[in-house]
């Protein structure tokens, strides 16, 4: 039940082999890696999962393989598309495969609160009663939702069961959403977890984010929920230099995949075209950053 | 009283001499030209008045000279600015010079209905009780206002006394604004008058637009208000080839100034830098278009 | 051979039945209508063909049906997509079905000349040697190409065989492209043909545009190429009031479909969701506009 | 000489009193604070200096007061404006007051490399031979400059003497700019210094950024230039949790001013309207963050 979700949802990378083809075996090992490091659920086919570079057939296959690995853990599938027809088709297929729900960021071109309501009305006319994560990520979607508009969406559409909040600054917005008296929906936070301990303190129910060290995400969350706020922040701070490095858009995704390859989570660090290629300078920089993080975390424990 | 305005507001060009300096004498002759061709009021320092290319001192001087020429006719002054401080300063000065009101298009960066309300709250905290034209021109301002948002603004801020409606398509929006049960505000239409007869039929109270043949604007308006809809549309259609030519952004402004120069309204067709320069090919094209319009209008009468 | 194309390419609507399903029979009648009124070729799955509302399977089926109707006439298929994988997949399929080439507008997010070159390099690495129409339509694509950048693309990629020029103002740009000394590529113009006679005079090789009266497009083109410039402009002017009406974005598409339904070209005027619904007021307005055009054209002949 | 600049340029806040008026005394104390903590120069009237909220008269007065405090240290003044006339007027005035140069981010609306060149040509036709910092900050300016375009600008305009590089990711771009064989210009980096040690390693000549603990900026720079890369990174990491907090747009500026008020640099934390107001929750959060930083830095030393 997404509407009761809390904990650590990892936003999964999509692994490709050296030719750029989907690497199914790496999906399997990646899932094992995520769950071993504390994932309570997964979110696949997000922006950082390079969903925009897949064919519609590949998208379904990737989602299905993740779902197959997740067992009883929930898998949310990103289905955002400028085409409502494609959104609808992908939704049907991934729900058939056992997704816990879909994630939708409204498409660029919606400009007003009224546009938003009309859009989701059209969405649910098409897809019906599918549990949905509302992704509030204007920096990527170019759709800006005020708190009143989001509350009206939640009030109007019972299918909206969870918010992925990554508007910046997220802190005040989480607070305002939490203060609302309407139906309570969980709030998970994104933005590469750059503000995770603060967001948890503001009332977020966990991260929905990706990072090459998912044990940081789960570690911060467990400490926070156990009441150890200082411990949560101390742990977080040790990873922050690498975290902010991975937050650099598609370059950050390439770096994250490289670190995950080194950690054995996936076999290849390939980012699909069009996308950055890491240079020797980049790789040396990553060497240093990873060594610093490892040292810094070792100091802590 | 802007709140009772109707008729023909001409959006005025700002005349420059061949060096790019303000040409005050041409402001005088331009006013004479506009009023002779049926202007009931003027709107100065709009986008097509090249307001964005003036210093703050020049802006005040230009507005004052237009106001001085207008006698008892109302002059609306565009004061939109990304800087609220500059907006406030210019507003105070032009109101002191006798402007009928100011025109404000909200600045880029406002994204939601809530942002809009907060912005105008800040505006009126600063400028107080100044009659205001709300310019709804998202193609230029990058701020998109739904009908409910506009009605809320009108309901909240009594200073908003007139709407310049130029969102595209304007037709349905005019209809919806007119159907509202709240305080009635006049709606004048822009978009270079490309849809004027249809907008009047939808309930608009007149044009607030620029054109090198302002007698078309007043002629269409007079015929329409006299009940001669067919006549209004026939007159309009004769000018439409030139009208759509002048609707081509800053190139269209350069063309408009050239036609107005030929008609004696201003002494120089100069568009301030940065802006287009007309080529011999452009000028020959304008020759043909003007000849066609003159012939076509002569046929009609 | 697109590289030698000239004449009238009609940008085709995609017909839907009253339920929103693809209406294959109307594709057949629509093709008959277009060819009867002078189409030399077709462009399908463009923006105004509602390509963004189709599933990938529907897109192929629609393209194939148009191609099947076109006989030896060339059919260009729009394949633009934020996903290079989807662009590639659709390209392969429609070329297998006999398309004359594909049309590509670069995806939003490309910001510099360098980005453009890198993008098309990635495109042709994937799709290989496929004849391509480069669509220069920044108002819709949010990608802005300077003349030097376009010439560099043409110089670099022999697959780019035709330009659909609809940046505004198009006139100077057509002139500059024509003056280039590199490989000559045909230039067809769009923007709902709002500037067609002027564009032909600047050196364009014909329209690639949609209109409910395609006989205007072919009539203007034939008169122009026969040297009857005045006749071309006179004919054009008669249709201009309706033309500018159909130029109002997705509302204009809905109006165009309604007029085409009345003319028997398609059985239903349905625009797929999300999209505008025509109100009784809109329909009455269309009645008047069509009657005016019919009268005005009858006068001419 | 900007063309030989290196070291620590602090991007200065503009202090306001509780009524929102310019607080001149706080400009004096702020300068003392910056220089005591290692500033080699200042940059005033930048985005984070709330330049967009000043009148043109206030802008000159603020710049003059900073310059008066700086003695022989260089002060760069941001003059970016959508209006070339206003840019020109402000440039003349602040150069008369003794600015070392001006900083210009090209205005929104420039879309292509060709547009960029034309814009700076118009700028230098107007302002003449004024030393200029080219600000590459597309996230704020919405103008995207490729490395080849920037090198062409530098090659064409000798007035461009320094680059403030804050496109993201900045790292590869700094490397590419450094590899160029043309005229060498210093590169200072912004983005709230979020990537400072890495940028220095890539060849940047120092930070041009703001932070409530300017001793971090100078400390990282001094360690780096002394060859102590590990020390630079260790120091940086201690401040990173607060640094990323202050990087949250205008909310971050409000937080920064609050921390600087507590540190005695300015008397009031006021952010001018429109702008955020810190809530009790925000203030408590800042308490914790500042305490953590202070503790963490104390540990290090």
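By written order: A, B, C and D. Residues from 1 in each chain.
The definition used in the following text is that contacts are C-beta pairs under 8 Å (C-beta built on N, C-alpha and C of every residue); 3 or more make two chains touch, one makes a residue touch a chain.
From a predicted model like this one, the values you see are computed outputs, not experimental measurements.
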Which chains are shared contacts of chain B and chain D? A, C
Count the touching C-beta pairs: is A-D or A-C ahead? A-D
Relative to chain A, which chain's C-alpha centre is the most remote? B
Please report how many Å separate the Cα centroid of chain C from that of chain D, as a whole number. 47
Measuring from the mean C-alpha position of chain A to the mean C-alpha position of chain D, what distance in angstrom results? 32
Rounded Å distance, chain A centre to chain C centre (Cα mean): 38
For chain C, residues that touch 2 or more chains besides their own: none
Would you mind writing out the residues of chain D in touch with chain B in their complex? 52-56, 58, 82-86, 88-89, 108, 118-119, 122, 125-126, 272-274
Where on chain B is chain C touching in the complex? 168-169, 171-172, 175, 194-195, 198, 201-202, 233, 236-237, 240-241, 244-245, 248-249, 251-252, 276, 279, 281-282, 285, 288, 292, 296
Any idea which chain D residues touch chain C in the complex? 111-115, 138, 144-149
